[in-house]
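Input: structures, listed below.
Next come two complexes built around chain A: one with chain B, the other with chain C.
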Partner chain A sequence: MMVTILDIIIAGMLLGGIYALIAVGLSLQYGVARVLNIAHGEFIMLGAFITWTLYTAFGVNPLLSLALCGPTLFLIGYVLYIVLFSRLRVRAASPGAYEGNSMLACFGLLFIIQNLAILIWGADIKGYSFFAFPVDFAGARFAANRLITLGFAIVIGLVFYLFLARTRLGKAIRASAQEPEAAGLMGVNIDRVLALCFGLGALMAGLGGALISMSYKIQPTMGLEYTMIALIVIVLGGLGSIPGSFIGGFLLGLVGSIVTYVEPGLALVAYYVIFMMVLLLKPKGVLGK
Partner chain B sequence: MLEVENVSTMYGRIQVLWDVSLAVREGETVALVGANGAGKTTLLETVSGMLKPASGRIAFRGKRIDGLPSHAIVELGISHIPEGRRLFPEMSVRENLEMGAYLARVWKDKQEILDRVFQLFPILHARQGQLARTLSGGEQQMVAMGRGLMSRPSLLVIDEPSSGLAPLVVDEMFRIIETLRGEGIAILLIEQNVQQTLEIATRAYVLENGRITLEGASRDLLHEDLIKKAYLGL
Partner chain C sequence: MNGRITTLNRLQRGIVPLVLLAVFALSPLVLKQYALILLTNTFMYIILAVSWSMFSGPTGYISLAPAAFFGAGVYTSAVLGFALPFPLIVITGGLASFCMAFLVGALTLRLRGIYFVMFTFGLVELLLNFVLWWEVTVTGTTGRVVPPLGNTTVFYFMLAILACLLLTAFRLKHSKYGFALQSIGQGEEAAAHTGIHVTALKMNTFALSAFFMGAAGVVMATRWTYIDPRIAFNPTLSFLPVLMAIFGGLGQLYGPIIGAAIFTYLEEFLITRFPYHYMLIFGITMVIAIRYLPDGLVGLVQKAWKQWSRRKHGAAQG
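== the complex of A and B ==
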């Protein structure tokens, strides 16, 4: 029995690390750039399929693909912001109207990216085997790739946290999230910072996707589920907080592994029930102020 | 140094400024006086690029700046300390001040400028680790002033620095502004304490319903009947 509980907890942590990472990305796009990116999961899917393609076609080590997926997705996100969202922002009558319009634009992006992916890769489920051998960990037994995934998620989260806390650009991002007009008065080019945030959010999605492909099956329609999970984690952990995202991610991962242990088909149902409950009872997030 | 010529500014569909002209010369302290809603804040926001003028021109040291975004205007040496302080509430006092030195050419000297700001406002040195939102109103205004100085501006644009503050803190603000004036920084100031403001300013403009109705040396304006009646309560 002890081993089972430990199994469930560790499985929850392994799942939660990924959830946290993709939530940090979405949190950055929504919290700073004010774009509720419904297509976040599609960026994750792109990261996953780029990694899968490189591995199965050219034998590129998926960990090496991480270093490639990040910058590629960053560039896509950055350019998308400049070409699309920046213009929507300038033209919107009010910040509220901008949030609405940009979310609708993201819905469009979701279908465009998803359908292009189906054209390129086909609609079937794909996967590959990488570091799939079992590892004994604290008395429980897990595939090595899941431990790698968790390790990378934590390191990426930590690096990003330090970037926001310590660097000049990181401070400019936080200032822009809190008082954009005042940040402009300090000399911050707001448009560029917002584009950077959207790009960094896509980068997180790309890294998350690459990591997901190492341990889980992938398909072009996988995105929406991950978008919803990221949203739930943000609601749990509070918008714009990296520690909050990690706590929220681990919480949700734990719920996922407990429910999966009882009845695998109910994991997503449990997520949505929690989502609704938090929205109703604690609309500012369980850990939010 | 700063030349505002026939500027009109719209706020949405409402015209707030009508053909406003104003100048600030090197090292000068200029006061902008007027009732609430006269358009004083709008004029400062037009100067710093937060608002775009509908017509007219604004030049700073001979370079045209109307239409430039605010991050490009601060780069030229104009620092705007906005109404309501607009601090970054979830950042520490120190981080707020550091953000004032965000410009690339200033960032490398930020420690040196920070020490100077701590000399002007010793209390901020003691409070540097605290989040800005936890400070008192007076302390928040000091952070706003300090943050505005961090970019090493040659023109400081200050909007209502004493708004909502206790009389003792207000005196402190005026003392600081006089110190800055003594260092040769040009200042364009909106203040509700008209008497005190006219005493430290070189020249002043009166703005009424979006139009400049009076201008001159502050010393003369102190004795002007209109000013006495409308703003000094004499």
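== the complex of A and C ==
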């Protein structure tokens, strides 16, 4: 019995690490750049497929691909913001109108990226075997790749947290999140900072996707599910907070692993029920005041 | 004199829709089956787009729940299919969606902005996944069969729902409730202070708009004849009406109608010509529409008209 409980908890943690990482990116894009990026999952999918292609076609180590996926997706995100969203932001009549329009534009991006991916890679489910041997961990057995995934997720989250908390650029980002007008007056180039945030969000999605491809099956239509999970996590943890995203991620991972143990078909249903309950009862997140 | 002109205007205004209705009512006599089906599809999308904009247009609350209300209608049709006369099922499906929307509205309409959007979209996914699980584990089936009705009957039912919806939307827009909704969109606090029952009005309008979506779902199910949760609660049916309405323009009642008509035709055209690139082209259209036409087609035409008349006016002066 003890072992089963431990199994469930550890499985939840392993799942939660990934959830947290993909939520941090979305949280940054919505929390600072005010773009509710419904296409977030498509960036994750891109990261996963780039890693898969590099591994199966050229034998590149997936951990090495992390270093390539991140910058590539950063660039895509950065350019997208400059070309599309900054124009929408300047033209919008109100912040609310901008949020609505930018979200709808993201739906368009979702269709574009997903269908380009289907054209390039085909619609089939893909996967590869990497560090798939079992490891004993605190009395339970897990595939080594899941532990690697969790380790990288935590390290990336930590580095990112330090970047926001300690660097000058991080300070500019936080200032733009709190008070864009005032930050602009203080000499922060708002458009560039927001583009940077959107790019960094895409970067996190790319890293998340690369990690996901190591231990889960991937396919071009996988995006929306991950977007929804990321959304649920940031609602759980509170918008714009990195520690919140990690707590929310682990919480959701735990719920997922418990429900999967009891009734596998209901895991997604449970996620949505929690999501809606939190929205109704504590829209500022479980940590929010 | 003035009074006579307004009566005349009113008459003219009433005549155009009546003529259109008569033309459409007689069209099954002339049209081929393919055109009839295309027209039925167009009506379905117009119903979704217009009923969506009935609530979301003036208030600015972007609801992504149309697929949930539509799907509720589809499942009503599948469950009651053989048990009741069809017109009753249409009304039942509409009422089911009405009640669901009323409940959702009571829970969520205090959520503002993006939280409301996320909740309504979560609702679609929740229903989809729940019904999927229910059908597999409890009823042990994946899909259901709906008794077919024949293309012409489906067409007439869709036309009837559309006519009722347009009449309702038009009456609502020009009533005091329409103006109240508009003022909620411009400033909810201010609207409440002028004595508008903000919550009650929002809930009722939201539920009313869901009624028509549900009714359309009931009718459409009989044309599809086979349905499963992924067909009934297809999230695309949440995005399309929103996109169509915004593409057409939310300012006028005919904006969403034009948007829906263009997009249905575009969909048909793209699916037959470019079946593999259809969704890609669709996404590109969506991004371009939002990037370049924030006020929709109607807004674009109005702007061009204003510019043209100003130029003409300027030329006459100079």
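Things to note:
In this text, the second predicted complex is superposed on the first by the 289 of 289 C-alpha atoms of A that agree within 3 Å, B and C clash if a C-alpha of one lies under 4 Å from a C-alpha of the other, contacts with A are read in each partner's own complex, and residues count from 1 in each chain.
Operating definition for what follows: contacts are C-beta pairs under 8 Å (C-beta built on N, C-alpha and C of every residue); 3 or more make two chains touch, one makes a residue touch a chain.
As the structure is a computational prediction, the values presented were derived from the model and not from experiment.
Annotation for the three-chain superposition on chain A: chain B and chain C fit side by side.
By the document's definition of touching, neither partner reaches A:Val262: not chain B, not chain C.
When both complexes are overlaid on chain A, the residue A:Leu64 reaches neither chain B nor chain C. By the document's definition of touching, neither partner reaches A:Ala132: not chain B, not chain C. Legend: residue contacts after superposition of the two complexes on their common chain; A:Arg168 is shown touching chain B, with no touch to chain C. With both complexes superposed, C is the one of chain B and chain C in contact with more chain A residues. For the superposed model, the angle subtended at the Cα centre of chain A by chain B and chain C works out to 90 degrees in steps of 10. Look at A:Gly100: by the touch rule set out above, it reaches chain C but stays clear of chain B.
In the superposed pair of complexes, A:Arg91 makes contact with chain C only, with no contact to chain B. Contacts of A:Gly108 after superposition on the shared chain: chain C is touched, whereas chain B is not.
Of the two partner chains placed by superposition, only chain B is touched by A:Gln178; chain C is not. Annotation: superposed on chain A, chain B and chain C show a minimal Cα-Cα gap of 15 Å.
The residues of chain B lying in touch with chain A in their complex are 48-50, 69-71, 74-75, 79-80, 82, 86-91, 95, 98-100, 102-103, 107, 147, 151.
Taken in their complex, chain C has these residues touching chain A: 60, 62, 107-108, 111, 113-115, 117-119, 122-123, 125-126, 129-130, 132-133, 136-137, 235, 239, 242-243, 246, 276-277, 279-280, 282-287, 290-291, 294.
By the touch criterion given at the top, residues 30, 36, 84, 87-88, 91-92, 96-97, 99-101, 103-105, 107-112, 114-116, 119, 224, 228, 231, 235, 265-266, 268-269, 272-273, 275-276, 279-280, 283 of chain A touch chain C in their complex. Remark: chain A residues 168, 171-172, 174-175, 178-179, 181-190 touch chain B in the complex.
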